[in-house]
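Naming follows writing order (A, B, C and D), and every chain is counted from residue 1.
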Amino acid sequence: MNEILSIKDVYAAYGDLTVLERINLEVKEGEIVLVLGSNGAGKTTLLRTISGILQPKKGQIYFLGRRIDGLPPYEIVNLGISYVPAEGGIFPKMSVMENLDMGTYVTKARKKKGERLHFVFQLFPILRERKDQLAGTLSGGERRMLSIARALMSLPKLLILDEPSFGLAPKVVSELFKAIEQINNEGTTILLVEQNARQALTVADRAYVLENGNVVLEGNSNEIANNPLVKKAYLGM
Amino acid sequence: MKKASIVQKVIILAVYALLPIIFSHSYQLRLLNLLIFFTMFTLSSNIIFGHTRQLFLCQGALVGIGSYISAILPERLGVAPWIILPVGALTSAGIGSLISAVSSIRRLSIIFMAVLTSSFQVIFGELILGLRHITGADEGIVIRSDILRGLIGANRELVYYYLLIATLFATVIIYDKIVNSRVGVAFRCIVEDEIAASFIGINVVKYKVLSAFISSFLFGFMGGLYAYYNLYICPSMFQNIDVHILVMLVFGGMGTLTGPLLGAGAFTLISELLRPLGPITTLIFGILLIILFLFFREGLVVHLKRITGQFFKKHKLCF
Amino acid sequence: METILRGESITKKFGGFTALKNVEFNIKRGEILGLIGPNGAGKTTLFNIISGAFPPTAGRIFFEGRDVTGLKPHQICKLGIARTFQIVRPFNNMSTLDNVLSGALFGKDAVSDLKDAYERSLSIINFVGLEKKKNKLAKELTLHERKMLELARALATNPKILLIDELIAGLTPLEVQETMRLIGKIRDELGVTIFWIEHVMRAVMGLADRIIVLAYGEKIAEGKPFEIANDKRVIDVYLGGGLIE
Amino acid sequence: MLELIIDGITFGLLLSLLGVGITLIFGLGEILNLAHGEFAVICAMLALIFMERGVNTLLSIILGLLITGLIGLALERSLISLVYRARGETRILLGIFITFGLSLAIHSYLVNTIPKAFFSVKLPFEAIRIGGLIIRPSTLLSAVISVLALVLLEVFLKKTYTGKAIRAIAQDEMDAQLCGVNPAPLRTLVFILGAVMAGLAGILYGLIATVAVIIGVDFTLLALIVAIVGGVRSIYGNILSGVILGIVHTIASFFLGAYLSLVILLSVTIIIILTRPEGILGEKG
């Protein structure tokens, strides 16, 4: 399989506060890759750096062989990376449909809008029912679905999800993970950050463990799930 | 107060006191007097904007209230100007405190502060024009009650000059005391982070209102004094004060004591130099405001400090 | 032991979203009470309500038997409840000493004399181990030092109870050890009661006398650390709905 | 009375044109444009200059609008883009001071160079009588063009990708970027749009009254009131508040005189700011 994303020796900081120290990470086409780590380990910073919200201090990021570090977020979206933040990710004062329209803002997605709509409505049928409602009036779970759907509208090759289960009830979380698998089966590569280690490890192919801005562990999901350190710190065993 | 700071103030006071020896011409004295008025205006702006970041775009109105009350009331009530001067100052202070109180309790954002205070300024202007029989509208008021009636025989400009520097130095000393006290600490915390400040026990509303009170009091007081000094006031005098104060404040640098002094000096000089140009000066002040804010936001003092190195360092407020 | 702080069916709604639902708690004087739960469980919201950032939608807070619901932050602080923030907010352009000094000048039993305040501040700076950084600007400190600074500033207000919002996240193992020792010292040497939000389970388990678990705005468990560690519901909810095995 | 209300509505629609510009510019870049009303004067004066040189009225007006747009472009790319570099509260303050300075400079320049210039357009039509009602065609035309411009703006914002992107930036700039929107050119576009709409308001004011060079400050103030009362982020709110304020202003001016009517308008604004700022702005304290 080809590498779709590769991160080489990346350092990132907020002001003078270093958050990522020499991160190396790669994602192959078609995979679901999970990043685990405690609060403050630098997971969100990593995702923000990939999506261009934050510029890395040092290091390189390649997407499909092209160097993307230093590009602004809107160009990175155009290349095929969609980032779904843990909170937000929707325009509350626009209708569900308008939010999905904004998802097709990138030129190449505009032509395939109908096809894509069909896919996301099949993935999250509730959004079809709510399509004329203002996004701000949706429930927490529906908002999360909309933010993922919006990101999918732009035909991403790589979908980056920051804690999709954040703040959701367990039942909704299970549905969401099913959807994530379905998105992956349809051909989209996924990079996922989760605190909900158990469920995330069941869908992921491989995982990285981040601590204090460093990758301390990597491997396929089974190895990671059976690692004594992970068991103790993330699985509560 | 540190010793160095006292010595410095005594020297500055001495210089001010001796200036009339060199600038004895009454035109020059008038300039010096205007300089002190401007310095005082900038100093009071500094208290409210520099130290507590409350945007008051109605300084002209606060000065004007003091001025008009001091101009109108003594004759109408038959009371001595001495008594009315503090009444005017307190009225300004009351209104300033009220604006500060409502806006800090409602936690208005800068945008709303800007619109609220400038609306107030416009209302003041409109009222002055509308209440023609009291204020004389555009024609203004000629003031007959002089605060220094008994001393008028002497050199009027000179007498006012010493009265003004006495006021200035009294203000500077009080200002210094406040900034270096517990209140000054509260001001700094509020500028840094209002929310964090409230969680360590600082009553943010109280201190903001306090700073508005002090500053508006000074505005009103100086406004009244200006009316008695000038013996004539009209609405246009209070129109561009805000711009002038802003220019002076940024010129000198906010939140410092030297800032307003230097800023007012530079401003008086520039506006005197520009005087031959006539009404176009406003255009130049507009451009000056833009340039200053874009490129010299930290103030002239900071830039000077960089150039003169350590010289100003000892003046840095202790604490 | 006597109760110092008590919450009576605290409910908080933001628009249609219920952040807290009928949460009850009870802290005894001299206790370290841990507060844990998944992200978005409402932990920080609870702290915000106790410290006066906003009032609860329903319910009451009692401090030393007195109803303090709806008081403003500065009033709450003056009564003897101090807090730290999850995302630190020291006064960045002030020195370490001035930061702590501002706490001493305005908190409970505020010292109005600058000299006395200096002394109190210095001893607190020593207590948290920042004596070498006392003249540095807060923005020049490391994250750990800034967290210690915020703790020091809160302590300078002379609180009876301290609400700590995530002190350990993002620290190195060595710093974690130091911080845990310090929290113990605050209780034992200064006699300050502690209400403590933390994500690092090991730390809370090791130090807290009792633990409350919040999830989706509701209290799902309360008890001694070992009871919490073995509570089926806590393991389920805190670590996710499904199971691998 | 009915005629007064019609005049008020017409004037109010002009205010809406101005207010909408303030709203859009603030929504996208957090810059409260205190020089906004000057664009109306600039445009009217430009049209006047062309007309005095013998250019046909309609063409003069179009040229005026075009040049006003270009001036907007130049100002945005030079001055305003410097303000965007600052963040948060500093940006808002900087925006206020810079545009304040700008308004002073423009105002002072115009007052000094062409103090006696007055712009107004006379239509070669008779007043229309409907029943007992007399409607001036210029009033009618002014109202129709305002409505048309506002409808076009609404269609642009609601139906086109660019318009949706503009609304998206106003809600959450970072989120809009994550959808692939580059905010900088859209901010420029909106500033130009705002300038041209203000310019149009100036021209239309020339239809119903006379534009003098000193009127820019009043326009800015009225536009600010419209924007604040209608909500700094809501376009419908702006149109509604513009019309209401226009009616109130016109009627109050007629019965109480111009100065008291302004005092009343401003007092209402102050009360609205103090009673429900978050409701209007959608901003949380």
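The criterion applied here is as follows: a contact is a pair of C-beta atoms (placed from the backbone, for glycine too) under 8 Å apart; a residue touches a chain by one contact, two chains touch by 3 or more.
All values derive from a computational prediction rather than experimental measurement.
Peer 1: If every chain is reduced to the average of its C-alpha atoms, which one ends up farthest from subunit B?
Peer 2: Taking each chain's C-alpha mean as its centre, the farthest from subunit B is A.
Peer 1: Report, in whole Å, the distance between the mean C-alpha point of subunit A and the mean C-alpha point of subunit C.
Peer 2: 32
Peer 1: Taking each chain's centre as the mean of its CA atoms, how far is subunit B from subunit C in angstrom?
Peer 2: Centre-to-centre distance between subunit B and subunit C: 44 Å.
Peer 1: Measure off the straight-line distance from the CA centroid of subunit C to the CA centroid of subunit D, and report it in whole Å.
Peer 2: The separation of the two C-alpha centroids amounts to 50 Å.
Peer 1: Between subunit A and subunit B, tell me the centre distance in angstrom, where each centre is the average of that chain's C-alpha atoms.
Peer 2: One centre to the other, that is 55 Å.
Peer 1: Two or more other chains touching the same residue: where does that happen in subunit B?
Peer 2: none
Peer 1: Mind pulling the residue numbers of subunit D that touch at least two other chains?
Peer 2: none
Peer 1: Chain contact topology under the given definition, line, ring, star, complete or other?
Peer 2: Here the contact pattern is a ring, one closed loop where every chain has two partners.
Peer 1: Touching pairs of chains, all of them, please.
Peer 2: Chain-chain contacts present: A-C, A-D, B-C, B-D.
Peer 1: Give the list of subunit B residues in touch with subunit C in this complex.
Peer 2: 181-182, 185-186, 188-189, 192-193, 195-204, 319
Peer 1: Could you list, by residue number, the parts of subunit C that touch subunit A in their complex?
Peer 2: Touch list, subunit C to subunit A: 17, 38-40, 139, 142-143, 166, 169-172, 199-201, 216, 235-244.
Peer 1: Which residues of subunit D touch subunit A in the complex?
Peer 2: Touching subunit A: residues 161, 164-165, 167-168, 171-172, 174-182, 282 of subunit D.
Peer 1: Where on subunit C does subunit B make contact in their complex?
Peer 2: The touching residues are 51, 53, 72-74, 77-78, 82-83, 85, 89-94, 98, 101-103, 105-108, 110, 112, 114, 153-154, 156-157.
Peer 1: Can you check the complex and tell me which residues of subunit D touch subunit B?
Peer 2: So the residues of subunit D touching subunit B come out as 26, 32, 79, 82-83, 89, 92-94, 96-98, 100-109, 111-112, 221, 224-225, 228, 232, 257, 259-260, 262-263, 266-267, 269-270, 273-274, 277, 281, 283, 285.
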